[in-house]
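One chain, chain A, links the two complexes that follow: it is found with chain B in the first and with chain C in the second.
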Partner chain A sequence: MPRSPKIIAGGVILVFFILLALVGPVLVDGDPTKTTDVGLAGPSAAHWLGTTQSGQDVLAQVVYGARVSLGVGLLSALIATVLSIVVGLIGGYAGGVVDEVLSLLTNIFLVLPALPLVIVLAGYLPSRGVTSVAAVIAVTGWAWGARVLRAQTLTLRGRDYVQAAKASGERAWRIIFAEILPVEFPVIATSFLATVLAAILAEAGLSFLGLANLSTVSWGTMLYFAQNNQALLVGAWWWFIPPGLCIALIGAGLGLLNFGIDEIANPRLRTVLPKRRKRFGAGR
Partner chain B sequence: MRYLLRRLGFYLITAWAAITINFLIPRLMPGDPVDLMVARMNGQIDPDAIAAMKRAFGLTGGSLWSQYWTYLGNLAHGELGRSITMYPTEVSSVIGGALPWTLGLVGIATIISYVIGTGLGVVAAWRRGTWLDSILPATTFLQAVPYFWVALALVMVFGVTLSWLPVSGAYSLDVEPGFTGDFLGSMAYHAILPAITIVVASIADRVMGMRNVMVTTLGEDYVTMAEAKGLTSRRVMWAYAARNAILPNITSFTLSLGFVVGGSVLTEIVFSYPGIGSVLLKAVENEDFPLMQGIFLIISLAVLAANFLADLCYVALDPRTRQEA
Partner chain C sequence: MTDEVVLAAENVTKHFAASRGRRFGLGKRPPVRAVEDVSLNLTAGRITAMVGESGCGKSTVARMLARIYPPTKGRILLRGKEVTDSRAYRRNVQMVFQDPFASLNPFHKVHYHLARPLKLHGHARTKAEVDEQVAALLERVSLTPVEQFMHKLPHELSGGQRQRVAIARALAAQPVALIADEPVSMLDVSIRLGVLRLLEKLAREENLALLYITHDIASARYFADDILVMYAGQLIEQGPSQRVTDDPAHPYTKLLLSAAPDPDQVDDEEDTTDHGEPPSLISPPSGCRFHPRCPVALPTCSTTAPLFTALADDHHTACHLYDPATVAG
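On to the complex of A and B.
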């Protein structure tokens, strides 16, 4: 497997944040919700990233927040990916009316704006725990994966090995999940990574609106409290810059990883210059 | 024509789906929305208001089927129920007051972002292998940055620290609303930061989308042929490669519209811009379900309409879609 710098850079970023979420709370001592009387203090030796208005340590919040934000992202992407596999593979393999109906459903969810739908759904949730928020986000996040997987399944359906499996009398569900599914693993992986990012962003958006459980610390709720306590007007940049930066960095990591995978699949996208174009570029 | 009719049919079905989802959500989610609200208000609500809320939700008894028809009938008359926060104002008039601001801001910002982003994508693909490739890691970062976070950072830098630009509202309070130069100027002045936010947060998708399609197009034989004929670089780049690469780019643009609108709605909140986003925040804060659902419906329909507009552009650009079968 070719090792591109993009895959390495993306992997390093992701591993860093996963480690941050797993072992960070052990290394950073302090309770993220503990209030002290040093409110809105800038970064210092005692508080590396400063404190919030009620004197909570921003670094501790970022570290604990990683657990919730990544947790919601991963859980939600997991649910969405299972949904997209079921819809995409069954539709693509079955063809006919089943495919028409499932494709229509996929396209509808692809076009409908996700965030307003998530907001309405979350508004009706009786309790807004991590699991229910993840499930609501997953409802709107499966369509892209399903569409890509359906297209992939359509091309695989006619392959000899699938035809052979069919001829030897294998059941349809076995062909779909044991013959076709493993081959589509790289496609599933890229769509999973993209869904994780979408879910992290959706969770941040929901929390920013105050539609998540505000007693748990996540990057989204940090931004919510920063906005609602006028962090901007007092110039407390250390309060709202880190959580957003973490989201964007994770996004960059996932994006780079996906880029790397894409470039393996489609060599033309590689940034290494082919000889012909170099000569052409120089002569311009 | 057939292509357009097929797309139109799809949008009609999708609009129906959005309307039906909107009808089903309060009925399928666990718990009765009215009970939920009464519980959250600690029972401090008079029975008349409860009855009014039940009416607003269409929870008037009768079978689900007859409720559905009543709901569709109301919708056909443009009735979205009444807002609970601003009772007894109609949801439709609350949204009607906010929608023009959002349409103007998001519409203009999206067009700016599309034009600049696509142009940058063309150039980035043409000069791939040069220093321009170093923008790639930056675009993955920008693709993931939350809109409202960009908004917060811009407010901090340009609004608070430098005090160059206004950070809230859509026009300053000392000008009289109307079609006067003063008012329009103030409007444009207040729209600068929100518009920059939307452009910055959405442009990376356009750059990357166009670059990737364009790189593939540049490998086509007709591009090599055009180069071999000795056409100028500019001509090959724009009239041969970009002209063909723009088609898949329009498709990916329409699919990302929902995302852009979602982000813009959150951007408005940071700037207290009097559009749909600010109304949505008010609805969320006050558990105003009829208003929330009305907003979902209107945003969905607006996105569908924008999709159809993009399809019209597609038809104008691609002769194959105009062929009669």
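On to the complex of A and C.
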């Protein structure tokens, strides 16, 4: 069991938000979109995190927003990871023309500025549902993972156990997915977590710019409405701080978890805490 | 014991594209001539050793025979025929790699490593058959208790145990020829003999044609029936191991033997002759490739490459000293 403080801290944060998204809506009653007469009220017993301009409960919005933000993050990271595994491993293993073509594709997506592309793509989407936003983010975000996995595959391709599998008659796809893929799990895990983080941020950015479906409640759309209604100017800090903090916290959690996995995979990165020395002759 | 030649290489040559080195103008870099015009026969039930110093092309020959690299020129014949179907070929020719720490996938258990070739080559179909044959294979390479070793990961095994797993994996395909590329050079001296004895026992039991590649001519003499000596990518002497080691013909073989420690001949005189360095394989020496290091080189050695001369029915060497034409002239 890893006893790394980074993994524990990151894991606790992540589990907290996953629980919030899963069971939060059961505990917090109230419709996040329901408007009431009490607009822009500060935190109180009735509304723990206050209300928005149109009297919606901020706590309910944060809780429901967690579902959308995490959902988009996980879904698009899943799509992006599958894409990067396919492109990176097949290109790295096959070499030659296949690798050239796939590398070119990867490089194109690497140099394309992601946010403007996402904005353009999102602008032309027929529907702006959670799935299509996730797909757009995945399409622009798979290239980093593919690049890393291709490099890793290039080094693994020449290893003796891959040659041995080849010499014992294994087919190429079997070598790629049964011999090379499992060995790359730590790399895939870190790249997956990094993509989740990037996707959550991208979703928040898109929503903040008003390019996602504004009728779904996510942390990003909360910030969008807070901004549009000058929450900062009127001093309604309870409106924009909770979603902003949530995004920052989950980012920190995913980052910590990522560093922790890195340390397991590469022990040289481990932070060494100075051991407290036992004092001899104490009490003299 | 049959005298059937199961695996033969005919004039195989391997050139690698050099990744470094001087380019001439915009042209291609000169290739590394790793193996040049090597022919050999592996006979069922016989152990053939291939000896030579590091970088002389031994492993490249092994990898060409195991079809990891395609030869640049020449043919590889399995029972006298060229086999194009690579899975059929691999069922018959298997290889044991040099480094048992690198040749087993760290992610897979011993059972997986042995079960894959069994399933691939159709030797076992049901799970029960696979389990039974995996157990039998582990038994044959003396990894007992079998149940215990079956479920271990490579990092839980010692070097010798890993090499036994690698040997079992090669046997799982039920090959007729086995290429062992320096199978003991990465192992502790104390367990080398055990692994060699195991290979020998298996080769005799299964009537395998075994090619044992090594840089240690002393172990080749102990272990093999025939010895092939390679120098700078070429074969320079071949014959029965007893003859080659007792009465070496080629000056390089003599050099190799004098470098091997011999406990029977304690020589107080320190050998101070400078034997030089192995030549570059990008631009090998003209004529006989050994001539710059040869203590008895003739003028003709630097201009003409020697051909194989028969010293006896089964003992051949490529050296001008034994060439009747040169000796007469």
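By our rule, the second predicted complex is superposed on the first by the 269 of 284 C-alpha atoms of A that agree within 3 Å, B and C clash if a C-alpha of one lies under 4 Å from a C-alpha of the other, contacts with A are read in each partner's own complex, and residues count from 1 in each chain.
One rule holds in what follows: a residue touches a chain if its C-beta (ideal position, glycine included) is under 8 Å from a C-beta of that chain, and two chains touch if they have at least 3 such contacts.
Computed from a prediction, not measured in an experiment: that's the story for all the values here.
**Q** Once chain A from each complex is brought into register, does chain C clash with chain B or fit beside it?
**A** Here the two partners, once superposed via chain A, fit next to each other without clashing.
**Q** More residues of chain A in touch with chain C or with chain B?
**A** Here the partner covering more residues of chain A is B.
**Q** Would you check which partner chain A:Pro116 touches, where first means chain B only, second means chain C only, and both and neither mean what they say?
**A** In the superposed model, A:Pro116 contacts chain B only, not chain C.
**Q** Would you check which partner chain A:Asp160 touches, where first means chain B only, second means chain C only, and both and neither mean what they say?
**A** After superposition on chain A, A:Asp160 lies in contact with chain C alone.
**Q** So, A:Ile241: does it touch chain B (first), chain C (second), both, or neither?
**A** A:Ile241 contacts chain B only, not chain C.
**Q** Would you check which partner chain A:Ile137 touches, where first means chain B only, second means chain C only, and both and neither mean what they say?
**A** neither
**Q** Touching A:Val183 in the superposition: chain B (first), chain C (second), both, neither?
**A** Second partner only, chain C.
**Q** For A:Ala80 in the superposed arrangement: first (chain B), second (chain C), both or neither?
**A** neither
**Q** Which partner does A:Gly169 contact after superposing on A: first (chain B), second (chain C), both, neither?
**A** So A:Gly169 only meets chain C here.
**Q** Could you give the angle made at the Cα centre of chain A by the lines to the Cα centres of chain B and chain C, to the nearest 10°?
**A** Nearest-10 rounding gives 100 degrees.
**Q** Quick one: classify A:Ala21 as touching chain B (first), chain C (second), both or neither.
**A** Once the two structures are laid over each other on A, A:Ala21 reaches no partner at all.
**Q** Between chain B and chain C, once the two complexes are placed on the common chain, what is the minimum CA to CA distance in Å?
**A** Once the two complexes are overlaid, chain B and chain C approach no closer than 9 Å between C-alpha atoms.
**Q** Which parts of chain A are in contact with chain B and also with chain C?
**A** none
**Q** Contact residues on chain C for chain A in the complex?
**A** Touch list, chain C to chain A: 63, 66-68, 86-87, 90-91, 94-95, 97-99, 102-108, 116-117, 120-121, 166, 169-170, 172-173.
**Q** Give the list of chain B residues in touch with chain A in this complex.
**A** Those residues of chain B that touch chain A are 10-11, 13-14, 17-18, 21-22, 25-26, 29-31, 33, 36, 127-130, 133, 136-137, 139-146, 148-149, 152-153, 155-156, 159-161, 167, 212, 215-216, 218-219, 227, 233, 254-255, 257-259, 261-263, 265-266, 269-270, 280-281, 284-285, 287, 289, 292-293, 295-296, 299-300, 303-304, 307.
**Q** Which residues of chain A touch chain C once you look at their complex with the stated criterion?
**A** Result: residues 159-161, 163-170, 179, 182-183 of chain A touch chain C.
**Q** Where on chain A is chain B touching in the complex?
**A** 6, 9, 104, 107-108, 110-117, 119-121, 123-126, 144, 197, 201, 204-205, 208-211, 223, 226-227, 232-233, 235, 237, 240-241, 243-244, 247-252, 254-256, 259, 262, 266, 268-269, 271-273, 277-278, 280-281, 284
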